[in-house]
Amino acid sequence: MQIGLIGLGRMGGNIARRLMLDGHQCVVYDNNADARAALAKDGATAVTSLAAMVEALPTPRTIWVMLPAGEITENTIGQLTEMLSKGDIVIDGGNTFYKDDVRRSKVLEQKGMHYVDVGTSGGVWGLQRGYCMMIGGDKATVDYLDPIFATLAPGAGDIPRTERPAGADPRVENGYMHTGPAGSGHFTKMVHNGIEYGLMQAFAEGFDIMRNRNQPQLPDGERFDLNVADIAEVWRRGSVVSSWLLDLCASALAKGPELDNYSGYVDDSGEGRWTIAAAIEEAVPAEVLSSALYARFRSRQEHTYAERLLSAMRMGFGGHIEGRGQPPKQGEAS
Amino acid sequence: MQIGLIGLGRMGGNIARRLMLDGHQCVVYDNNADARAALAKDGATAVTSLAAMVEALPTPRTIWVMLPAGEITENTIGQLTEMLSKGDIVIDGGNTFYKDDVRRSKVLEQKGMHYVDVGTSGGVWGLQRGYCMMIGGDKATVDYLDPIFATLAPGAGDIPRTERPAGADPRVENGYMHTGPAGSGHFTKMVHNGIEYGLMQAFAEGFDIMRNRNQPQLPDGERFDLNVADIAEVWRRGSVVSSWLLDLCASALAKGPELDNYSGYVDDSGEGRWTIAAAIEEAVPAEVLSSALYARFRSRQEHTYAERLLSAMRMGFGGHIEGRGQPPKQGEAS
Amino acid sequence: MQIGLIGLGRMGGNIARRLMLDGHQCVVYDNNADARAALAKDGATAVTSLAAMVEALPTPRTIWVMLPAGEITENTIGQLTEMLSKGDIVIDGGNTFYKDDVRRSKVLEQKGMHYVDVGTSGGVWGLQRGYCMMIGGDKATVDYLDPIFATLAPGAGDIPRTERPAGADPRVENGYMHTGPAGSGHFTKMVHNGIEYGLMQAFAEGFDIMRNRNQPQLPDGERFDLNVADIAEVWRRGSVVSSWLLDLCASALAKGPELDNYSGYVDDSGEGRWTIAAAIEEAVPAEVLSSALYARFRSRQEHTYAERLLSAMRMGFGGHIEGRGQPPKQGEAS
Amino acid sequence: MQIGLIGLGRMGGNIARRLMLDGHQCVVYDNNADARAALAKDGATAVTSLAAMVEALPTPRTIWVMLPAGEITENTIGQLTEMLSKGDIVIDGGNTFYKDDVRRSKVLEQKGMHYVDVGTSGGVWGLQRGYCMMIGGDKATVDYLDPIFATLAPGAGDIPRTERPAGADPRVENGYMHTGPAGSGHFTKMVHNGIEYGLMQAFAEGFDIMRNRNQPQLPDGERFDLNVADIAEVWRRGSVVSSWLLDLCASALAKGPELDNYSGYVDDSGEGRWTIAAAIEEAVPAEVLSSALYARFRSRQEHTYAERLLSAMRMGFGGHIEGRGQPPKQGEAS
């Protein structure tokens, strides 16, 4: 198929490349000339404006927007909506808030256009491994785009097959899925990321508990000098916690179990926050997913105001004066 | 009554003073000569050894040990047990782990002595306000010691009376209570402190949320310039959250709403930890009490190992390079 | 002053009564005729429509809307906005979402009217004790309404005074406060309720831990037969956790420590949820406030879907078959 | 090698079978005659008492105890210690608390015997897939037992290799690891299970959030009719959350996405609890691992006492009467 691709960052660029490797033709745009040139070298037709892209594509046009969620995506899709024609398709492959998809899809629908939201997982590994895609939109459009998704998806690979009911959608086993109407793709991807935060935090806490058994001041029987890199590695084989995230832990810990090169300032993207918002809307308890998000918030601060207020209350009722700027006294109970 | 008091720190010294102000006679010991001298000036008989205290007291002796929980209390009570006689009473007024009380009380019982554990709340205000006491031990001994407890307790004060069933224990309205067998006093005090951590953390989080609405970069309609000192003060009158801890917040915030003089390194004592251990033994969910404890643990560290592992995993799947030593980017969603 | 009051439920009716007891004149409306009649008997002028209220009040009019937050408040204020004149004041005393206040206040401002949002705490006790009020709106309007607020507020009472800086707003010590621009009153009340949930949950967990020590099957040294009603009562005197919520615990437990008459289905109102949403917007960790909210969500369900999925995973890796409908096996470790 | 195996349950029986399939000779004991007979049919020498096992094995003897953690394991190892000789080896392959290992290993060491603790993951799949093993004990003994562990381990399989430092222990890539001194094997396995709880709860919450979007009463744009079975399946390919636990979710959901056959009463074993105890000893925040444990506690109860106390407080300050036995009102905000 022929497809336009807007946004040639790490994700967008590799999506174009994976499409072209499988014979699709890509018209690409990015406001960065180097990014355009790199893709042109790899076989894409690079254009220098949205208008040029609209002109370059045959109707009905298919344009995949792969930009940071928020204002820039909103504006780009807004501009496209003004330029495109009835029957054209806009795909938002970024990390858009699902309620924005629902809203936008209605706008496009009124103009006879089609809106498809694709939640995409796979990170920097997608070019080789393929992208796991959760796709929201009307059935006819998603079916029409199947060649694109089939190319981008990782395929069945050698992953053991699940026993599924007769008639189950075979696309799912290839790593892509039509999740439902517009918004449902990003909703599903949002929860995916919420879960991802929870899984990461579970590993992080567990390794922290193990690594703290290595402190020299601990008495015999309490100190174990655990090789956390080897522990991650051994769990990769046959244990219940084996997972891609564990693979990443093993890989990082093998390079240096103290992780000295990592800051511990942990960013979060919108999906983790929106997942909690969705849970609260639904009255679903989401302790673990919330805690994982809060751990990231906390990681980006020195002392919080909340903690200073705790100190102040302790001073008030007990006369406790707590150190300022002292080295952390981990493990100490006063 | 005549009573021996071991440990003349902030708590022990004031307990002796409050007893003497009400006519009790105190024989006191501390290994710090200044502390002994200060109490002697206030009317106590200061002795320079445990043996001297045992000698100075008439039988049956009553000795109140008011030392830091752990080894020093354990050793002191161990030595006393060797020196005392049948019928004597040992009171542990510190923050002892309740299982230690159960164990010790059995040792004393076998020697015909009595063990009483007193959980004491009231902090630095106890001398004037009195101490809220939760008392574990055999009924006869606790009844015998009633004059001591009646003096130390805050009394009914002008606190509105609760409608209680006929025959309810009147001592409770005066601020002291026989909670049950040995260990039950410290168990009750332990849970008290667990709850205290939870209450403190609830206030701390709430004020943090309010104070964060004052950031200059927030747009109109989002920024409120809230006077958090006044908010604490106004809530003291008629609101559902009015409490002593709120009084302390109001007082601290009135002195400077930014709390710049407080470190935010928040210590924890054994009771908070043991409360969680008790909850887990009982299979009682204790989310809030645990979170309050963990917030203190976290407050005493720079970046945790857990957070560095999160950074490492993010690097692994997304190529995210996170800043090290950058100023905290609070409120940023990437 | 003369004031219109819309909504004569538990809160609105008592607000009118407290105002009239202090000499204010109330024109009242409710769509329930009995509610109108009850207030008329207590001295109010009852009207049978919004239009009649607008007609009955002298300009500039002051109308206090005390209705459930959401659609009904929104519609009522919308209708009022059409009927009122320049200079009139609309007060929303309900539990409105603060962003709705910000929006509405702009609409009214454009018409030359004034919007005031009043977060009100005090529950069913407000008629006697007064209401703690957090007031958002423009300064001139809030100052103009001072006689109303002064009447409704609890006053300084005999609550010990906090040492406050010179020039601190004296209204605050009487239990009401101008928190800032429109929206800030409900924002402050929202966080108040978020904190309230956290405080309640801290007490709830702590008493659960204590009450679980009373189970007959526990061995000596583990079982304490704690009188939880007396414990709540004793803590009311001199302990760090003394608070209004503790008073309520003491009162409820005195009537029956097993709390058999209470369902344990715990509702939540919008404020608890919005507090978490605000925390997430601000990237403030709010573990305790979130956990308190989730405990309520969980309390309203039998088994969650999440729990069934845990059972299913356990079946998958371990062949664990878990009982369905068996009596809860609290405290059991398998 | 020749090895004795005590405890022929699901785990112990399959361990014996996997050993015999690889040419090891097993002397087996269980107090259940059927279990003994089944293993005898598969080639083991079944004996009818511990004494008979001790007699049947050549010195130095190796005996693997595979019994439920706690009293029965403690007693069995205690009896063995009386019967065995210098140089003999006792392996505890159960889920023993690591501090019990430390204690026991000292007892055996004084008698010249060797104690090895093996944390074993792999569940019912171990016979075919092999067991992931974390092994604590002295180096010489663990090396001596290598043929046993090599047989039981899953082997390297086709799992992609991690780039490890030169000289890294090759056994780890085969799925078994000498973690350090006695106790360290079970400590590592304990944390493994703590992490497992966290991972499971993250998936459980996420799927609960998705499934709640399928409720018929939701408006368009909010309701998605998500096929959660297909979502689990699609995430198995290329997504960041791919893992064995996700495989299990996919498998269970494919059989019926409502999971009606699962109770939602979720048991917990000691490891989850001990992990939190270890975290608290070390002052490591473990929000996610704790929440996962508490969710299981909560799942085994109808309404908690804590929740009834919340109802009681709400009645106290607001006159809220909450339904008893009403259908859960999920998603309702009052």
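In order of appearance the chains are A, B, C and D, and numbering begins at 1 in each one.
Here is the rule we use: contacts are C-beta pairs under 8 Å (C-beta built on N, C-alpha and C of every residue); 3 or more make two chains touch, one makes a residue touch a chain.
Heads up on the chains, UniProt names are A, B, C, D = 6-phosphogluconate dehydrogenase (Decarboxylating).
Given the structure is predicted, the values throughout are model-derived calculations rather than measurements.
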| item | value |
| --- | --- |
| Chain whose mean Cα position lies farthest from chain C | D |
| Self-contact between copies chain B and chain D, residue sets same or different by half | same |
| Of A-D and A-B, whichever chain pair has more C-beta contact pairs | A-D |
| Chain centre separation in whole Å, for chain D relative to chain B (CA means) | 38 |
| Centre-of-Cα separation between chain D and chain A, whole angstrom | 30 |
| Averaged-CA centre spacing for the pair chain B and chain A, given as whole angstrom | 45 |
| Set of chain D residues in contact with two or more other chains | 123, 125, 201, 203, 205, 208, 212, 240, 244-245, 251, 268, 273, 283-287, 291, 294-295, 297-298, 300, 304, 306, 317, 330, 332-333 |
| Residues of chain D defined as touching chain C within the complex | 10, 123-125, 200-201, 203-205, 207-208, 211-212, 244-245, 248-249, 251-253, 259-260, 262-270, 273, 287, 291, 295-320, 322-326, 328-330, 332-334 |
| Residues of chain A defined as touching chain C within the complex | 240, 268, 273, 276-277, 280, 283-287, 290-291, 293-295, 297-298, 300, 304, 306, 317 |
| Residue ranges of chain A in contact with chain D within the complex | 99, 102, 121-123, 125-126, 129-134, 153-160, 162-165, 168-169, 172-177, 179-181, 183-184, 187-188, 191-192, 194-199, 201-203, 205-206, 208-210, 212-213, 221, 224-227, 229-231, 233-247, 250-251, 254-255, 275, 278-279, 281-289, 291-292, 294-295, 330-333 |
